[in-house]
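Pasting the structures in now, so scroll down.
The same chain A turns up in both complexes below, where it pairs with chain B and then with chain C.
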Partner chain A sequence: MSSMAISNQTIESFKKMFSEGKRFDGRSLTDSRELKIEYNVSNKAEGSARVKLGKTEVVAGIKLQVGAPYPDSPNKGNLMVSGDLLPIASPRVEMGPPQFTAIEIPRLVDRAIRESSMIHLDKLVITPGEKVWTVIIDIYPINDDGNLIDAATIAATAALHNAKLPALDENGKIDYHAPSTGKLPLREGIAPITVSFFKLGNSIIIDPTREEEEACDVRVSWGVSIWNGKHVINSCQKSGAEIFSASELEHMMKILPNKFNELSEKLKSYL
Partner chain B sequence: MIQRNSGRKADELRPMSAKVGVVPNADGSAMFSFGDTVAIAAVYGPRQLHPQHMQDPSTGILRVNYDLLSFSVYDRKKPGPSRRSQEISKVTQWALEPVLDLKEFPNTVIDVQIYILQADAGTRTAGINAASLALAHAGIPMKNLVCSVALGKLDQDIVADLDKSEEDFEGGEGPTDFPIAKIGTGNDFSLLQLDGKIQPERVKEIISLADVTCKQIYEVQKKALKEAFQ
Partner chain C sequence: MDSKQISSSEELNTNVESKKRKLVVPGEVIVSGDDYLPGEGARRDGKDVVAGRFGLAEELGRVVKVLAITGAFIPKRGNVVIGRVVDITFSGWLIDIDYAGSGFLPLDESPRFVSKSDMDQFLAIGDIVVAKIWAVKSKGIDLSLQGGKGLGKLEGGFVFRVPPARVPRVIGREGSMVAMIKEKTGCTVTVGQNGWVWLKGPTVDAEIKARKVIEFVADNVQLEGLTEKAEEMLG
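Right, the complex of A and B next:
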């Protein structure tokens, strides 16, 4: 039964409850669920993290490869974010060609991480113009109880903080048995987080469960970090066939810095 | 204020042009350009949706395909869909859907095809403007036109309609690309995307710039439609 589409009646009850500022689990519309982070999901990865946001669980792993730089950035390492929505995570996911969400999550995480300048890509050069490190972040939801994108960004940020550079042998190949040569070079104090707002009727909520998320009409995700001591938005995407009004945007901009600070504090206690 | 390569003022759009009826076979079609960025769009439908199991008796569906033609950029773009083009197709669909009443056309599909002939940044927004015109040209009932533009920030300055050289700007806080779409000249946003670095408190400047620029785009679209039906 869990794979059935959400009923109109459920949507109507959510709409009524949200308009009264209430949720089934007792949270306010802008409360997040409990955030927990663990490391070392795989000792074969250069870094990895498991993030739980309530019952939503996402794992992220970092792999590093030696490769050629992109022609337009010969003296910078590369960043790639990929991942998939696996059928393990939800009765909604089926085997087969990737659903759009499976493409969207890595692209949103990529923009949030890349534009925050968190990774010192210019310190990932092995031979200038020839050989650089490619940082690959792979993200897999293990249990989808809503708000995958926010959990995925935290998982990526945490895994990057946990990542170490592998040693190279005399031929320039990675030697996994030699001790690491240090941590992945990251900029001090930058730990991007995504805050997504979901709208149903006229109500806007944060961190929905899967059922709440399915009831909502539209989402907008904001990737936020700190740059020169100030909050900056690094990425944004509206998903869904509904609109956000100018006043709703202004409302979100007021909540965003505080929400970032709250999540950031929790995240930093694990870094 | 940063000196823009083109000599434009911060809130100045590139010269726009629009033409309706550029693909005779289509039910509706249009071209829209911002400076050197040129997009064409064609609409086929509403028509019966195949495969049949995708048909929805409660509503019609909008299907959007956006892509760059291979020669529209300096380094030839490999033909066929990419993750980027799939994402842009999807956000374009979401940008257009709020003005359509698809429930009026159960079991059908409206196909929107958008191709970029020449790219100099702002391709998705030119594509949305062209698609909005093509839907109107096809006679599909619409609540309003959709007006789209890439706003942004160069270092500290809020600017409109970044070209490629501005998207690649290095220095200060770098470039921020903030493409938006609005429903006509109202206050509702149907496309919001961003990458770069912008302070949350500066988003209201983007909102007012969207207001000014979308009005100009709306006028260009309206003129193109009137010319087609004269």
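Right, the complex of A and C next:
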């Protein structure tokens, strides 16, 4: 029955530490953990990446299928993001119907990637109105040590860059034995990243570990990318019962571009 | 809390001179010959004594045993554990002690009179408490706050976890490791047998340092001269 929830005393302790600008692993409040990316972790997927953010580990895989387009977008390819929190990732998760956090992660990744228009969905049409490519992004958290959303978006972005379009045979079916014809059509220079801010007491922190995340009252995630040389927020999601003040949002907006640049530099070094 | 009291029941306290410990995996032959007796975590297989668990093999005279370094907490009577209050019932508190069954602390066990109407004045949900295991029953674990120094609600500080099987090493021989950390950092440390560690220090920096050392010790139980390395880290 181990509920593994955080104790009152520990929350108070974190409040005190954060107000002094200190964290257990020696980072400052707005430092990220070390980011590591590994490609081609799955030989069955068209593209895959394993992202490690400290001890947090997420695997993302891209699968491409031929299917019918959605009725409201006959000349566009389809994008689907799915994912679940598995008991392998965390002792806090049990088998069964997906919990709220497990539903939230793929939806946030979906919005961050879709709204950044990173994928050229119009170029994924095989026969207009009839046959299009469906891009399926699968997200598998392997280890949950906090900040899964940011790690999941980086994994999905990296895996998309790694993805290849499989060849089609004369019947229009995917021919897995033929050499692949090319890369997935992606827009140049767009690599969306989510940056989540967490608040405890009056302190704003980035990239929390599991216990820090549990102590925090509220979270806001920003899906950011670059469009025409400018930073753009594509998506945003807040969860938690507390509020952010206007000055806190301004504080975040000062950090956000720098954080995005820092993370995308690291991501680009792996691309 | 008196750490000596916790460690007195630990198996590390032995007067028999022991040989160097060896890391073994289940099924690995530790020693061969009929002279040896398999102890805890070891079994006999023909002429050999083989390991039954992943851990450190130790020869104490003729007895060969394996000190496990992984595994869940298995409560025993008399263990001092740290738990978190998860629910308040009409007759006591339900305590999460990181075990499959929940711990129950009856109202009668509180050291002073607590009215049934305001039990959360003494222990609220989310508070941490040090308690002694009074009985392990099939329907749950009975906890007690009597018969020991340092039992009761913990004020301030924070809790983190180490693998329960590594608690003996964190405490050290007769509490030496914990005593050293306390002395060098000025922190108050309580280690529960269930692997929960409560820490409270004079400054945030001292707390961070003490936690780092305790986690280092828990991660490196197989190292020789761990006390010296921990001392080096404390500076």
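Here is the rule we go by: the second predicted complex is superposed on the first by the 268 of 271 C-alpha atoms of A that agree within 3 Å, B and C clash if a C-alpha of one lies under 4 Å from a C-alpha of the other, contacts with A are read in each partner's own complex, and residues count from 1 in each chain.
As a working rule, a contact is a pair of C-beta atoms (placed from the backbone, for glycine too) under 8 Å apart; a residue touches a chain by one contact, two chains touch by 3 or more.
All figures in this text were calculated on a predicted structure; none of them were measured in a lab.
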- Query: Putting chain B and chain C on the same copy of chain A, do they fit or clash?
  - Reply: fit
- Item | Chain touching more of chain A, residue-wise (chain B, chain C) | B
- Counting only touches as set out at the top, which of chain B and chain C does A:E211 meet: first, second, both, neither? second
- Query: For A:S239, is the partner it touches chain B (first), chain C (second), both, or none of the two (neither)?
  - Reply: first
- Message: A:H231 in the overlay: touching chain B, chain C, both, or neither? Say first, second, both or neither.
- Response: first
- Based on the superposed arrangement, let me know which partner A:S247 touches: chain B (first), chain C (second), both, or neither? first
- Following superposition on chain A: angle at chain A, chain B versus chain C, Cα, nearest 10°: 100
- Message: After the superposition on A, what does A:F100 contact: first (chain B), second (chain C), both or neither?
- Response: first
- Query: In the superposed arrangement, does A:Y39 touch chain B (first), chain C (second), both or neither?
  - Reply: neither
- Query: After lining up the shared chain so the two structures overlap, which partner does A:V220 touch, if you call chain B first and chain C second: first, second, both or neither?
  - Reply: first
- Query: Once superposed, minimum distance in angstrom between C-alpha atoms of chain B and those of chain C?
  - Reply: 6
- Message: Could you list, by residue number, the parts of chain A that touch chain C in their complex?
- Response: 1-14, 16-17, 20, 22, 24, 26, 211
- Item | chain C to chain A touching residues, read off their complex | 84, 86, 96, 98-102, 124, 126-128, 154-160, 198, 204-205, 207-208, 211-212
- In the complex, go through chain A and note every residue touching chain B. 100, 103-104, 107, 111, 114-115, 218, 220, 224, 227, 230-247, 249-250, 253, 256-257
- Item | chain B - residues contacting chain A, complex | 83, 86-87, 90-91, 93-94, 97-98, 173, 178, 183, 187-201, 203-204, 207
